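After this come two complexes, each holding chain A, first together with chain B and then together with chain C.
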Partner chain A sequence: MDRSHAPEPAPGSVAGVEETAGVAEPLHRALGLTDEENEAITALLGREGNELETAMFAVMWSEHCSYKSSRVHLRRLPSEGPRVLVGPGENAGVIDAGDGLALAIRIESHNHPSAIEPYQGAATGVGGILRDIFTMGARPIALMDPLRFGPLEDPRSRWIFEGVVRGISGYGNSVGVPTVGGELVFDPTYTGNPLVNVLCLGILPIDRLVLSAASGVGNLAVLLGSRTGRDGIGGASVLASAGFEEGSAAKRPSVQVGDPFEEKRLIEACLELLQSGLVVGIQDLGAAGLTGATSETAGKGNVGMDVDIRSVHLREEGMEPFEIMTSESQERMLAIVTPADLDQVMEVCSRWEVRASVIGKVTGTSSLRVLDGWDGPVLADVPALALGEDRPLYHRPLAAPADLDARRELNALGALRAPGPGESEDDLKSMLMDTGPVWSQYDHQLFLNTVVGPGSDAVVLRLKGPGVNSVDSDPLGRAGSDRGLALSTDGNGRWCSVDPRVGTAWLVAESALNVACGGGEPVALVNCLNFGNPEHPEVMWQLSESIDGMAEACTALSIPVIGGNVSLYNESAGVDIDPTPVVAVLGLVPRLERRPPAVGLVEDQSIILLGARDESQGPGALDGSAWAARRGHRAGALVPVDYEAHAALLGLVAALAVDGLLGGLHDISDGGIALALAEMAVASGVGAAIGGVRDHAELWSEAPSRVLACTADPLGVLDRARAAGVPGLVLGSAGGTRIGVEGLLDLELDEAVGAWRSRLSG
Partner chain B sequence: MAATVGVVVFPGSNCEHDAVEAIEALGGTARIVWHGSADLGGLDAVILPGGFAHGDYLRPGAIARFSPVMEAVGEFARSGGPVVGICNGFQVLTEARLLPGALQKNAGLRFLCREATVRVERTDTALTSGTNVGDQLVLSINHFDGNYLADPETRRRLAEEGMVALRYVGNPNGSMDDIAGICNPEGNVVGLMPHPERACDPLTGGTDGAVLIGSLLASAGVRTSY
Partner chain C sequence: MIFEAMVEIRTRPGISDPEGATIESALPRLGFGEVSGVRVGKAIRLSVDAPDEAGARRRLASLCDALLANPVMEDVEITLMAD
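Showing the complex of A and B:
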């Protein structure tokens, strides 16, 4: 199928439905459906869809909701594992964490809304991901935000960056869920199209796990939360499923507005309803609003549903049925309850000051019907399953870039001269960034779980949540709360633009290694796949390659992929972003007797390199590196991950972290050994003097499977490394007022700290 | 019997679980008190925890002061009962006029979640009885509206009657006279912006807050023995 002729929504209209002067086009096209898709709808219904029905199909069959371009590839990801309770396809992935506890996790993008209205775009991204988690019956205990913007020197990028951070801070802090970490990257590829991804993690007693299916003919669908308004009409189809061009401010009405206080009460009310067993099924209203929630709950339960739009509380008069059914107004949930429990449900909602009204009834048919009054005319009548199950599936054409082979030959080591005097010091200073000014705006401590917060390799939290296992009256007592979890989000558009397959494998490897640095054993992965326009064959090739790389790495490292989100059409003015899959690896920490080693150095301790050195000394050592990119070189071939060696390193590092043998620890990734060492030094205010690094290639190489460790017991650590089959080498020691790498780098610690601090505050 | 501390929950409060956890870890008993309740039912002390009561709509604490429970908290405070407002709870106490002054936006116009060092200024209060004047404690602050302000008259009164309980060492938010926490002249009502409940566990926020929560439990216990 070719969508390249599908028109953009008409500028200046709310949902692209209104026609601008002189431009007449069929309704389905204005709503983003192709002619072929419209024919498929006619075939499914046995007649042409009316305006409301067409609008409902348009949102459900949008790229954002239907994954029509990516589904065929996503199937290749491994999703099975001994701990997996819920895999991809539900609101969130869920794993068995032991001790009767489960963890629910999901990551999503809110890229396009954030580009248009940074504060609300980011805020509603937080709100939406929270609902995905408590829909499963889980108490949200942590948020993370991987963020990517254009360069800080670009005023518009700075405006977006600051607005997004304020939006996350304003919503996340107020809604009462700690934002414990994330990523912050500035790169020209994101100038027109920032990436705002949001992850949420929740905890629940396993037996409280609920899914979103409706069941029981005669049961009631109760809409909880905010009134429905005109905000976010068609957000999924207008914003998330098309690229940007000049004048995108006209799409601002498609951005929703968030209310964290409403969401906070909704969380508490829904968790109380779930804990009391008062709901049969529950579903959040996200993209596609009421259409999505009603069709999904009915479809999954193999039942029908009648929805009375007159029973929906509205924000304003005169809303059209299609607006009510596709509005993406925030802070709304749909609960399926039995008539017998309705009074109790209303009582709980009333105590939490949450609006609740019966808007639907489960029927014995398979139809989703929209009614104008319970006994009024039928406005829409569609098979509930058709909106979801019968969504289109595209095998879009994919093609590797024509110059791929030539680019792979261009290795950075051969193409770029070795650095002259002072150059390495400047390179290093340009890469240092203290992210404290961002994360100090987030409450990252609430719930008293944050053992390692933002700014480290992985976040480490206690395995504990209010209403689950935090105080004596909770259902599980304090079971499991002496254990921990580690979590890391990782993306790298630079690696993936050089090689989307190996680059994504590097990401999985890095994320798992970060988790190991926190003492965690990786148990699951979720992903947020940020790519360009899927109608460009090269973008589809990038997506397909990236998924293959992820599948390969996850299979080799036995990390099941339990959920994901695909964000396409990340482009501006016809230029696609660098392929930027973001992965989040979740790990379990068996014991939490002490804090895992910090990203830091301890005076007089030894600095050890753990991991093989071959690849970081080979001809491809600098390909994909920040050092090469700083010189405009973005080509070459990434070295493959040696999974056996990587698995051995993961086990060793996690054990060393838990056993307390290390005074400091940091994985080697962006910026190579140089940046890893400097970050350890500036974070602790302790200098370092090392040697044994062969050349500038090894200094800046980002080849995977290596860490720097700081320890008072180098022989003990080397023994453990030898036993684990991991190469280890003492490079030097911590201390002094300089960051020195013999023959390659010499920088005053104060100067490094100054550069680190001033990056964001300057 | 262990002292029972009531932790008041308004819609939008979010630090109630943390307060309960800290109290129980230090051997006290905690009980959640819903804001709609007009009766404290024999509690030995009250904590108004942090969060965003009523979404901080209008301004922090402005709506919470009208909750039925605040009448009971006021009576409890006037009868000498220990009452501590933490962060949003401090804001509620000022709006309810149980403590003077007000808390405005931080000088940097940013939300701040970070460590702050405070110095103890007065020890005969419900929160600081276990400390010595001059003790320095490292606690977390977590607020947008923590910049304490009072009119000149109140400022003079704070000084004359020794109503400043804690001062920042290195003022993070522009607070007048580095004020981090104040109390009423009797010392039984204390409000502070830093979160002592976040500093009762060496693995998470350090342990400097334990002496403050412990002091509260002690004052609650003293009250029980009357």
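Showing the complex of A and C:
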């Protein structure tokens, strides 16, 4: 688990930083360090830290950079697997995709910056995740954005939603990396605190894999990219400091502005440097800026580094050393190069119009020193490892909610009456949402490798080097291969608020099943854990439970967790968001000869339910469901995942998805069978008539491990299901102008399409 | 009374301005090497019906807050021309 993007101060605190006039508060507290942490710093240094040193510790030991509240729990996640080349701890996780290719993947959050400045918050989130990927030597080939906002009826939520979508498309489309999908959820829990998560996937020849360690005494640290300005200086904490009284703190901006064209030049320059073997190590500058990049490269390489603050290209005059060392200006990288290669490095950078300057030297000590001029005074001198390795680790108190047992007893099936006439149709219409108006703003076909784009269960891409310029060596050649990859991001705050442990297990199961719907065999998972205030014991309990649920599901399904990000303090007006872990499962598609079946129906084909039915029949069938939540019911106990049955289903679905037997396929999740069927119908404009669904519980249950398939060869599919040990049942057939479930639901297709279309545009 | 107004929105000092920087980097090539400090903002013309100048300014200021500018990163200057 690594740091690398803008810190996430609590919403409101950035804009509302007060200028602390009094001098009563000690510097370290103003910077967000506790007294105990300050004592630890004094012990590490053998003396009190000065202002600059304290500021450097403050940013590196912040929750965001140090994971001090979550690390103790994250260790429980399984991170080993035969394909794993790089697990948690680097800029991105990397797996061996075979044929000499590797895939690098990372997901992170940009929640708080997006709440304050939606466009730039989202845009810089995209920029930051791209840098994490090309830092590994990988060319970014796909972006995905799981997004969660308050209801659209709330004008501020709409403003945030529209700004975020424009920011993602503005940056992603300009930088030339396709945004291939994500999620879009509206729920009141996110009203004051939207969740803007962003994922990037990159591809590289295995032999180009580079890590961020510096090595070789006498080697040089070269800062590449944008000039350094006063962007997001250490988040709000440093701004509030009374110790730095140069001008008015309120005038210092905390918003970072992205520049996708600079980023594009950086991508090309860095990949050329890496391909030519001109760098020893490389690291992007994210949260904690130069402090993070220099201390991490030096610390990982077990060397020291001298940094000359005067050699840093500045955007503004009169910047203080602490501002230069903690600035979060975008589009910057730190490369470690040998003196012999420096001229060539400068030549490559100049050709790509990327600014480059030597700002540091690797030393044989273990100290990170900040100098005012190469021969000038020493402004800071700290052990390089102290900023990272010696960061605090907290075992924060955790406590289950007092009413947990009582809430578990409150199952929705018992508490809520069965729907009356017309009610199910209204429920269904309220759940349908055409996300096309959002996806259509993203260019998802860049590189021309996108086989299945946004709006499906899983995104499917051809597995080949993009080959857009001579820098990329492509072991497969431009002709490509018949292999592919499938990717899905999934989160569900509703499930996880009912039961964070089982809810998270459901997410892992759903994400893997989505990948299977794209023909993929799951090989790795990354997560973005969006939770509330870790100082609330209930939030820490949610986080711990969620991690246990993820560990259990990933172990059972043999999916290693190769990276992640933790975003805490997601709260507004003192209320924590629903626990919202987001997982992304990456799968490999062994043969991609034809497009996997769409979420849709084909006239006259049979509709088959694959997967066990018992789970959707028990007393907990409706717990955690959208149907129950619409009735204000958010309690009960989620049905546990049967991993053996789920694994069998994954294998069957992945095989069926690629061999042409199916005309349509959709997993059953949010909104149960009802919404799955309706989404297939509205997407294809084909109605459906099914029966065999026993009651409203089975219709709306979101129990895991089930899919709806549409096929012209029902007997063939049932044979395959039987062979795989997966229950299958023909429910009915596609066709007509209505969506009908015998005895339970009857809705005109046109009416469903209308509701589906008007949700976002209305 | 109708007031014609010009609202000028500028990114606050210190905020990165990629558009301004791009313009500035092109200037030497065109023989304008002596020009620097380029910042790009936007100007919006509108009219507002208000009892007096102070009232017009108040309304425009809240309009800017609500829609036209983000005070976290932008400064606003309102110029009124009484009609």
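Please note the rule applied: the second predicted complex is superposed on the first by the 708 of 762 C-alpha atoms of A that agree within 3 Å, B and C clash if a C-alpha of one lies under 4 Å from a C-alpha of the other, contacts with A are read in each partner's own complex, and residues count from 1 in each chain.
In this text, a contact is a pair of C-beta atoms (placed from the backbone, for glycine too) under 8 Å apart; a residue touches a chain by one contact, two chains touch by 3 or more.
In this text the structure is predicted, and so the values were computed from the model without any measurement.
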### Message
After the overlay on chain A, what do you see for chain B versus chain C, clash or fit?
### Response
fit
### Query
Thinking of the overlay built on chain A, is A:Ala712 touched by chain B (first), by chain C (second), by both, or by neither?
neither
### Query
Which of the two partners, first being chain B and second being chain C, lies in contact with A:Asp231: first, second, both, or neither?
second
### Query
Touching A:Leu393 in the superposition: chain B (first), chain C (second), both, neither?
neither
### Task
Tell me which partner A:Ala406 touches in the superposition: chain B (first), chain C (second), both or neither.
neither
### Message
I'd like to know which partner A:Ser329 touches here: chain B for first, chain C for second, both or neither.
### Response
second
### Task
Count the residues of chain A touched by chain B and by chain C, then name the partner with the higher count.
B
### Query
Once both structures sit on top of one another, what is the angle chain B-chain A-chain C taken between CA centres, to the nearest 10 degrees?
60
### Task
State whether A:Phe261 touches chain B only (first), chain C only (second), both chains, or neither.
both
### Task
Please work out how little space separates the C-alpha atoms of chain B and chain C at their nearest point after superposition, in whole Å.
6
### Query
Once the complexes are superposed, what residues of chain A are shared between the chain B interface and the chain C interface?
259, 261-262
### Task
Note which residues of chain A are touching chain C in the complex, please.
14-15, 116-117, 120, 226, 229-231, 251-259, 261-262, 315-316, 329-330
### Summary
Residue set of chain A touching chain B in the complex reads 169-170, 173-174, 176, 259-262, 264-265, 268, 351-353, 436, 439-451, 462, 466-467, 470-472, 592, 594-595
### Summary
Per the touch rule, the chain B residues reaching chain A in their complex are 11-15, 17-18, 20-22, 24, 30, 36, 51-52, 54-57, 110-114, 140, 142, 144, 195, 197-198, 200-201, 203-205
### Task
Would you pull the chain C residues touching chain A in the complex into a rising list?
11-18, 21-22, 70-73
